[in-house]
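Here chain A shows up in two complexes: once beside chain B, once beside chain C.
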Partner chain A sequence: MACIELQQIAHRYSALPGEASAYAVQPLSQVWQDGGAYALLGPSGCGKTTLLNIISGLLRASAGRVLFDGVDVTGLSTERRNIAQVFQFPVVYDTLSVADNLAFPLRNRGLKIAEIETRVATVLQLLGLEHMARVRARSLNADDKQKISLGRGLVRTDVNAILFDEPLTVIDPHLKWKLRTELKKIHQQFGHTMIYVTHDQTEALTFAERVIVMYEGAVVQIGTPQELFEKPAHTFVGKFIGSPGMNVLPCATDAGNLLLAGKVIGKLPYSASGAGQLELGIRPEYVSLVATAAGNPDSLPAVITAVEDNGKHFVVRASINDMPISAIVREGAAIPESPRIILDPAKINLYRNSHLVTA
Partner chain B sequence: MVVPVLLLVALSAIIPLMTVVNYSVQDTFGNNEFFWVGTEWFQEILQSERFHNALLRTLLFSGLILAIEIPLGIAIALAMPRRGAWVSVCLVLMALPLLIPWNVVGTIWQVFGRVDIGLLGHGLASVGIDYNYTQNTLDAWATLIIMDVWHWTSLVVLLCYSGLVAIPEVFYQAARIDGASRWSVFRYIQLPKIKRVLLIAVLLRFMDSFMIYTEPFVVTGGGPGNATTFLSIDLVQMAVGQFDLGPAAAMSLIYFLVILLLCWVFYTVMTSHDNETQNGARRAGGSR
Partner chain C sequence: MLELQQVSHKIAGETYIDNISLKLERGTLTVLLGPTLAGKTSLMRLMAGLDKPDSGDILFDHKSVLGVPVQKRNIAMVYQQFINYPTLTVYDNIASPLVVAGVKREEIGRRVAEIATLLQLTPLLQRKPAALSGGQQQRVALARALIKRADLVLLDEPLANLDYKLREELRAELPRLFAHMGAVLVYATTEPTEALILGGNTVCMHAGRAVEVGTTMDLYRRPAGLLAARLFSDPPLNTVAVTGSAGNFSFHQALPAFRLGNNVSLSGDFTFSVRPHSLQTEKPASNAIALPATVAVTELSGSESYVHFDFCGQAWVALLHGIREFARDEQVQFWVQPEHVMLFDANQQRIALAAN
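What follows is the complex of A and B.
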């Protein structure tokens, strides 16, 4: 187990001649504390996997340094970094039995037979695979194969970190939950530094203590699940996290008032001076619908375009002057036919050029 | 839906085969007169030393061919580049020998090995090596084997290469994470993944080498003496040279059955792991 430090790490894949290669990972510095559970969240192609492979050494970054506990490992091979990595698709050694698969990384490192047997037995039990220890790995289903991939990381008790690259992609939905819970338990029990790459926000938010959101090769926000939800640092984070994502609407200011669609909807929550396009962000959870303007001077008339029932609550899709806005209404509540919309002023975030304006 | 296939197989294989079966149980002295002899020809062939020797020679030849071409083919396939401009160059170079007709290959080597004018034969003679494939048994065998290796190793290479490039990169990455040695990567990832194409390679090379005719016929003509008289050459001598249709037909059938039997053995041995796996899975499933 180790504290992993990235110093000004950047990567670009080689491009065709005459073509400028875009950064897969833009220069970034980041410290992963020893024993932390992190999630790297972002859409496909945002550089998550590239970053993970740079940490494990499968990829050499074009620039920057990687440090494990303060020791520079930038030039070290994957084998010598002592990292475990679980990939998106299960990797098993077909001809070996389940137990031999788990013993494989230990044998390669020349451990004593008795030691190997003990550790393999422990991991078999941990993953609930004892009954198939002697079965050839080829014949297992994808779920069990992925458990073996995971187990090959867990048998190595001295690994610096365990990296997960969307490990639950091929797993049955009902098992995903179970495995994620098991992972969390394993993390609490052994305290490995874990970095978990995913594009699934639920996975990221339930697994990690801290979530790193990436977008187009750059880290746009690092925070607890709560922070990502309440104070997205970038409109992308607001839209990406949450279902449906945050409403982002162009707005304006006038003498300390906040204007939406040309109408005052309240006082400016905090000063937001500066140049560039100003937008307000508000979660659908904090948007409410009322029937009349009476007693609600800050409400705006809206037209409902659709109502989705997702079981727990209604998602109301509406528009104010052709600006789409979503609201979450609890199940059973009445939805007015021609509603007016109120935004909770305490929950409004302001963005200038897509970045959060802070007070 | 099955009828057209059956008809096709009947016309192309079963009916011609039946005429051979017909010959194998009869004797003829010309004039279209035939006498029923039962299994006499089969007994004669199976007991004849000539057949035993030819069979042993053919088995030895196929054994040597497999022992050389399979490992060599795998080794070359492993060494070939996976991407880049050199891939096409290598593939074309590998495919070249496969495009040359059998008798041309034979002729090339027949001339190549001649002591008087051949580059190989003359070259060896000029450095003082006593090489003559028309007189020395060992030289004749070496020439035929090197010729076949030159001609057909490419096939094994191409099959193995196709299997190797189909292995996803993530397996190699996992092996690096697990600290696997180069040998372990080959033993536990590459070899299992190319096993199916390797089985095809082994079967094709076995059948082809076991039936080899044209090249030894052109290069050595079965000699010196009977040293390179393989089953196929022996069979043609018997059927065409001596016009012994009955024994030749019986020998054809035995020849065919031997090939069938050996292919079955190869197939069974090489796929035994798969069956074991299925049984293992069934056992595991049952104990759940």
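What follows is the complex of A and C.
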């Protein structure tokens, strides 16, 4: 295992000089702690796979240095960096058995037979593949093949890091749950440094201790799942994380009060002086519906446009003065026909020009 | 109306579709829900006429279409991998089925404008597909399929290759879009959540069979059998064996007996099952059932926590509101209310309880 450090890394695929927009990865310095579980999260084209390939050595960055435990590996090949990789689509040796597929990287490294057998047996058991150890990989279905790819990534204990690029995208939902839990257990047990690239917020938040959110080649926030949820640093993060994402509504201030749709909805949660467009962000989880204004002086009248039942809770789509707002209502709770909306004041974040205003 | 009568299909001796009968009305959406290899794509190929069943009949508006070649049927298909003509603009891509059909220019213009508005493609009409994001390209493919006004529209996991967030947006848009059409719509997915958002009717598929058919929400809440209950749960359904004796139920461990309602007096062996979001850590009511657990892993997903734990030797998962962290091997008491329990008999058939 190793601590991985990126120093002023930047990458451009095309040779357009001097233009920031041509960066696939904008200049970035970042330390990945030894034994950490990280996720790189963002939409397609945000640069997350490019960044992963720079760490693995599949790609040489156009600028900056990569250090493993303080040693410069910028010029080293993937093989010399001693890392394991798992990709979106299974990579297996069709003519080899499941056990031989797993043993392959160990034999390459010249490990003793007894040790190879122990490690292969451990991984087979972890992934529930014991009963098919002797089966040729060719005859397996796509899910089992991807398990082998995962297993090959996990079988070596001497790697500096394990890198995953959308490893569960092609897996069925039920198996996805199982494999994600296994990965988490494996991380707790063996403490590998793991970096996991995905566009799926659930995968990123559930897997990682720290999530790096990327957008248009730049890191917009690094934080724990809870920080990304409670205090998104940018409205993009607020909208990208959460189902539905954070509500972002233009607002105003007046003498210490917060105004939405021209009406005071409470005290300003914290001072937000400065120039630029002011917006408030509130998660649908913290928006509630009440039937009357009585006892709810800070409520605003709203019109319900749709109610979605996802089997776990209701998502109420409403609008306040034509501004769309979503609320999550628990199963079994009543939804008033012409509701008034209350925003939990403790959960309101303020944004100026899309960036979080901090207290 | 599309009707399948006892349709079976084998490829190289292996059964892909096993005796399926279905009636799909015009103006309705039917979701085919099941894991990979359940037979969703095979069934759609039979519906489209790309394959011919070994036995059974397929009728459209009461006439058999088995002898009608696919190009003579009025069908539109959208696949997981979006397909567009790379050299044509978005406008020409969407218009292409109408051009082939010899529709007048003014009419084409009107219909492209209409569908582009609906799918929010209007500002992109003069671009080439390569200049679009994946989600936009799939919307173009959808627009081309929908503009034909086909009698039968087959959508085979159309959102599977898209980013999570885009998928979420399109999922919310699709029911609104489909509401405008009078076609028979069929939509295949592996994801229970997607089926719930789309609504309509659902066919739960497994191993080439139509396990259960019903309106989507009803099938989710009141499946007839354990298999459909499992297929229609994400996170997975929690199950454990219980024994009943005149309405007093016990888990197969030294735990207190419990009841599932005053009028329930069942005896015998049953499967007790609970969906993850119905588990709680606070005792919700006096008749709630206690489930002592040993935590394996906790996963946080922002506003919710997935707690994986062991209950009576079974791997269970609870979906809790808020950020809840538990240590590995921590002992936690979960609770479930009787009305959230699904009980299945020895033949895996659900027993209707008064509480449900």
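Note that in this section the second predicted complex is superposed on the first by the 344 of 359 C-alpha atoms of A that agree within 3 Å, B and C clash if a C-alpha of one lies under 4 Å from a C-alpha of the other, contacts with A are read in each partner's own complex, and residues count from 1 in each chain.
We take it that a residue touches a chain if its C-beta (ideal position, glycine included) is under 8 Å from a C-beta of that chain, and two chains touch if they have at least 3 such contacts.
Predicted model, so just to flag it, every value in this text is computed and none were measured.
Colleague: Here chain A is shared; do chain B and chain C fit on it together or clash?
Modeller: Aligned on chain A, chain B and chain C fit with no clash.
Colleague: Mind working out whether A:M132 is in touch with chain B, chain C, both or neither, as first, second, both or neither?
Modeller: Only chain B; A:M132 stays clear of chain C.
Colleague: Touching A:L58 in the superposition: chain B (first), chain C (second), both, neither?
Modeller: So A:L58 only meets chain B here.
Colleague: Just chain B (first), just chain C (second), both, or neither: which does A:Q85 touch?
Modeller: Only chain B is touched by A:Q85; chain C is not.
Colleague: Could you read off the angle at the CA centre of chain A, spanning the centres of chain B and chain C, to the nearest 10°?
Modeller: 70
Colleague: Could you look at A:P105 and tell me whether it touches chain B, chain C, both or neither (first, second, both, neither)?
Modeller: The first partner, chain B, only.
Colleague: Which chain makes contact with more of the residues of chain A, chain B or else chain C?
Modeller: C
Colleague: After the superposition, pull out the minimum Cα separation from chain B to chain C in whole angstrom, please.
Modeller: Minimum over all C-alpha pairs of chain B and chain C: 12 Å.
Colleague: Can you list the residues of chain A that meet both chain B and chain C?
Modeller: No residue sits in both footprints.
Colleague: Taking the complex as given, what residues does chain A use to touch chain B?
Modeller: These residues of chain A touch chain B: 53, 56, 58, 77-79, 83-85, 87-89, 91, 93-96, 104-105, 108-109, 131-132, 134-136, 138-140, 149, 152-153.
Colleague: State the interface residues of chain C toward chain A in the complex, per the touch definition above.
Modeller: Residues 35-37, 133-134, 163-166, 168, 172, 190-193, 196-197, 217, 220-221, 234-236, 277, 296-297, 299-303, 306, 308, 317, 319, 321, 323, 328 of chain C touch chain A in their complex.
Colleague: Provide the residue numbers of chain A that touch chain C in the complex, in ascending order.
Modeller: Counting only chain A, the residues touching chain C are 43-45, 141-143, 172-174, 177, 180-181, 184-185, 188, 199-202, 205-207, 225-226, 228-229, 239-245, 283, 285, 308-313, 330-331.
Colleague: Quick check on the complex: what are the chain B residues that touch chain A?
Modeller: Against chain A, the touching part of chain B is residues 168, 170-171, 173-174, 176-181, 184, 188-189, 192-193, 273, 276-278, 280-281, 283-284, 287-288.
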